[in-house]
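One structure, as structure tokens, below. Some questions next.
By letter and in written order, the chains are A, B, C and D; residue numbering begins at 1 in each of them.
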Amino acid sequence: MTRARLRDLGITVGHLPTGRYNAITDVPGISVGYKTLVAERPHVVRSGVTVILPRDDARWEDYAFAGIFSFNGYGEMTGSHWIEEAGLLTTPIAITNTHSVGIVRDAILRYAVESGYAAPFYLPVVAETDDSWLNAAHTFPVKPEHTVEALKSAKSGPIAEGNVGGGTGMICHHFKGGMGTSSRVVETRSGAFTVGALVQTNYGVRQLLRVDGVPVGREIGADRVPLARVFPNEGSGSIIVIVATDAPLLPDQCKRLARRATVGLARVGGTGHDGSGDIFLAFATGNHVPAHPDGAVDLRMLPHDQMDPLFDGTAEAVEEAIVNALTAAGDTTGQEGRMAHALPLDELKAVMKKHGRSR
Amino acid sequence: MTRARLRDLGITVGHLPTGRYNAITDVPGISVGYKTLVAERPHVVRSGVTVILPRDDARWEDYAFAGIFSFNGYGEMTGSHWIEEAGLLTTPIAITNTHSVGIVRDAILRYAVESGYAAPFYLPVVAETDDSWLNAAHTFPVKPEHTVEALKSAKSGPIAEGNVGGGTGMICHHFKGGMGTSSRVVETRSGAFTVGALVQTNYGVRQLLRVDGVPVGREIGADRVPLARVFPNEGSGSIIVIVATDAPLLPDQCKRLARRATVGLARVGGTGHDGSGDIFLAFATGNHVPAHPDGAVDLRMLPHDQMDPLFDGTAEAVEEAIVNALTAAGDTTGQEGRMAHALPLDELKAVMKKHGRSR
Amino acid sequence: MTRARLRDLGITVGHLPTGRYNAITDVPGISVGYKTLVAERPHVVRSGVTVILPRDDARWEDYAFAGIFSFNGYGEMTGSHWIEEAGLLTTPIAITNTHSVGIVRDAILRYAVESGYAAPFYLPVVAETDDSWLNAAHTFPVKPEHTVEALKSAKSGPIAEGNVGGGTGMICHHFKGGMGTSSRVVETRSGAFTVGALVQTNYGVRQLLRVDGVPVGREIGADRVPLARVFPNEGSGSIIVIVATDAPLLPDQCKRLARRATVGLARVGGTGHDGSGDIFLAFATGNHVPAHPDGAVDLRMLPHDQMDPLFDGTAEAVEEAIVNALTAAGDTTGQEGRMAHALPLDELKAVMKKHGRSR
Amino acid sequence: MTRARLRDLGITVGHLPTGRYNAITDVPGISVGYKTLVAERPHVVRSGVTVILPRDDARWEDYAFAGIFSFNGYGEMTGSHWIEEAGLLTTPIAITNTHSVGIVRDAILRYAVESGYAAPFYLPVVAETDDSWLNAAHTFPVKPEHTVEALKSAKSGPIAEGNVGGGTGMICHHFKGGMGTSSRVVETRSGAFTVGALVQTNYGVRQLLRVDGVPVGREIGADRVPLARVFPNEGSGSIIVIVATDAPLLPDQCKRLARRATVGLARVGGTGHDGSGDIFLAFATGNHVPAHPDGAVDLRMLPHDQMDPLFDGTAEAVEEAIVNALTAAGDTTGQEGRMAHALPLDELKAVMKKHGRSR
């Protein structure tokens, strides 16, 4: 379903090397699953569910540290209170559309309870962006079973981007948006670590879009994505960013990483418009916190003054993940005959070349 | 369903006068609705939904300012990100059990969409405490229609307490808990205001229970609620507190009020145990923020240095609301033959009298 | 200078055992120093500086984790941004009066620079409460050298309370306040730990004062002992709480502990009045973070679900530390002939006995 | 002292029009004062104090709303607790070097007390960046009287940039940094408003420096500012951003504005490196909160959904203010023969022209 990735076009952003797949799944143990919902009748459905499993852990008993940053809180991410309190990610993460956050949240809890997992209950992390422009969201097409299908489909290795999972019906910088991913490998005095990002992009205005600093949105697209949108607030939308690393970070350090997603977003042209739920979560698999430890848990901590490479890597991975969502997502028709145009790849290549940025 | 209210027993806490009904509904415009679910088969159900409508506003277009404080975040309150960002309460508030937060959240959104309310979507505020000791929560008995029934049942004036709505299956200080409410009328240099509290209590250990400082939990109940509970963490549970006032507060000031709920909780014996989701929301109806204003909105602000009466009133109302939940809730049998004993009222009166606190 | 400690009077609060000295210095490695400033001319001085050194570490290179909670932010605690960001306490803590926070803060930095400590600069943690009712604060009697004297005087073991150090000129619940301390020893599945509190008390109104729930302030009212202070906002003042433990906590867990200081404060009668800077810092010495680590740092973490004993211990230690400040501080005359009366110990004993709380 | 401003070079960033002076002083009522300290012996001094007075208000009795965002908290901004609590800016703001935050903070309080202003005390807002590479900071050359001189020198209209006030000894992207300012005029449905930024820049690495997206730092400067710095952490430093507007914002909305400073910083190449104190404060003069109101205060609020122009304007003003600091600051020698090279303006123009960005 992926049209192209940015690097396929001979364009790069940033300085740091990517991981093997240039994906969040380069962080060992992480898997991603999608359930994509596309239908034409009785209602036009362009929606779905994306899930991220933080590690190989069949019974969710090996917690990772995590932290959240809300750059602009016009959105939802359930499970935030416990992550803010304890810094622990105890469930998979899901991303879906605004109308279905609750269904998906309870479905994850139910899945765990019915699978016989240990805890009496869970506080699942589910985030959203709004697909009600293309998708008949008011018909509530996302069902509990779709979440379970997404969970069961999760895999490591290369993953799809663009019009898949929760990203199926999304718009980004007035072009077709969706899922995107990227990763970086960074060196520290404590060793090499991978940092990866997965984004569900549904934010932004065309004229602010930039790729590696080149004002792409000013130069292309005016013919196909005129600035007037149907939305009352033209910049509304949202972006959810999930950052993952195998570095041994503490919860506060995850929050620091989450905050750096803002840098990647700003580079591409995000300003956190009022109607945008720009909520970022970072988790780190380098420490293992058992669900039911007997005594004190042994941990390691990357010193704060070795975090700069991870900060730089996070900014780059988020930046590239967003652009990958744009290059991957194809033209999409939606309800009421609406059309979301894909970012034109030839024009992108041309403008980058003109600015000396592509091979 | 209410057994008794604290003041019916000749016991008072605090110094300030109550409102007419000694309830959150003393704040003009506020209504409360319950859907109580009780069944014996095929599963033992002791659960439900409580809703608070912030004001007479048939189409949810007259927003109130609000603020949230999480004293201990082992719980869920959806909609928190937007309240933290913008300080606006844009939907009713619901409280239910942990397993059903999502169902209830989406049901509120769906209700608004299907009612033709103006916004393309909503970010409903839904909180929870865990009733899985008495209630067969793993069978997920709370359904979307129960939320709608609770919404439609909402009324002002006197409201039920104890084993109703979301509080049906809850435990508090090892006695039967549930819903409780109380209010205070306070004087400021800007006039008189009402502050009310509604609580869903499901936290605490017996030996820390105090009423007006009297160590009630040390003196009664050892025979019927021995300290060992089935829960791995005996203090686990949660308490959700909703504080409302008609004072013209700004969002930050609502957050200040929410933080004072901690004082009321601490007076009764709460310490925010690890497994307790102690999340407090305060909202103020004294200002009106239209959903779709054309220009700048006129507001008033109670000066910060006039807030002490509201702080004191919040502490007292929360303190009394918690105790009202205990005096109101009756003995309850639950799944697997479990028994939650009500706080014995005669013994409570006796111990308060012994300590010189009742008439 | 200490008149008496609460337990000397045959009164106890809480259930848990104290450490050897019932002081924050029961946490191994912690020392406390005071510089007390008392003069009659040219200005009436009742002021000083209190310092807490987090551990035996001559060059401040062995950092402890820390977290801050501001229950009511009408006050100052410098160094908060770095603790919020990184969770690291990198300097001693000082507490002084409002007018001298800056002087003391720079004096600590200068002391480190001139002592040849390793960092090019420091971000010292200095907090305050306002002594300008008794003390001629407008003459700025606290000087840099007083901070150095306080640092050099720091010792472990039993420490003075009441009218010493930063607490010299303070008022609490309209009685003479000042410094107070207490500690608890708690058992967890990971072993026994000590938690201690040191408070500088300058908050509160008479009628809300309680000891072990007994409404002492109602019974020893203004008719018995005249109220100190006539501020427009009578509850203004502030309380600074420092909580310390040898448990191996992470930064987030320190913040959880800091938040529980609210419970101890509420038990004594604090409600966080508007003009009160109620800012709490907790640090944990159980982990060691070197200032300049080469690689990843090995840590241990007390599991969250073993923290309840520390929460309970924090609440009790803070509660008792506040009351100790009241029982320790003696009658004090101040500028303009003002008089702050000490809490009368005989009457306290009588009231507690009447309520069945003392031997 | 200003070499040049970016627009003098024929280069612009952003889309929105500037105010008259393209400075924070375009916001009516705001004045800025500097005390610049330069000496060669006995120690090399390159330091100073910058002050921002939020409005014409001789006795500091007309408070403005304010909010703070710490993007990376390795720094100090005193007064943060009260702004977080109450959203009120009650004093001028000062920015100086790290070693002198306390001196400057107490000097402001003392100035108010000695001027007979109404409050018994103040909680001044003072921030810092570290000039100890060029400046003999360890000799503590900033004195209380310098703060008073800066306060008294404050004026509206055009203001100096570069090597002045608190910015005298700062480094930015490895070039000479310092003070910079810029402004934007934005249109909303509630009318036109001005948003201005003042920055003290001391952060960043050369290779990430961008101007309007052009990778300036990759193309120039390698000969004069090789990447190796004396600092152990090469990205360390800090940036303080003050954002001001005459829009009628509430405290939460000021915080939203402060958060958008991150976008401007990210566009120029900031990533919030570990050793950087990137702390942003925004205040709004459109509402007036009297220091001692009798009754409720009348306010206006710009609706949240009209804030996008202010968000865009903040991002642009911060972006341009940072670059202005670089174009304004000249070559500076410091202690131990150290040399901070100014950003070469001819080369900047050439590289911008090459990328099609200048006239």
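Quick notes
In the analysis below, contacts are C-beta pairs under 8 Å (C-beta built on N, C-alpha and C of every residue); 3 or more make two chains touch, one makes a residue touch a chain.
Nothing here was measured: the structure is a model prediction, and the numbers come from that model.
The chain with its Cα centroid farthest from the Cα centroid of subunit B is D.
Between B-C and A-B, more C-beta contact pairs are found at A-B. One simple way to say how far apart two chains are is to compare their mean CA positions; for subunit A and subunit B this gives 35 Å. With each centre defined as the average position of its C-alpha atoms, the distance from subunit B to subunit C rounds to 33 Å. Touching of two or more other chains is recorded for residues 72, 85-86, 256, 304 of subunit D. Listed in rising order, the residues of subunit B touching subunit C in the complex are 15, 71-72, 207, 210, 212-215, 232-233, 235, 256, 259-260, 262-263, 266-267, 270-275, 304-308, 311-312, 315, 355-356. Residues of subunit A touching subunit B in their complex: 70, 72-86, 98-107, 109-110, 113-114, 120-121, 123, 126, 130, 132, 137-138, 140, 277, 279. For subunit A in complex with subunit C, the residues that touch the partner chain are 85-88, 189-191, 248, 250-252, 256, 289, 293-304.
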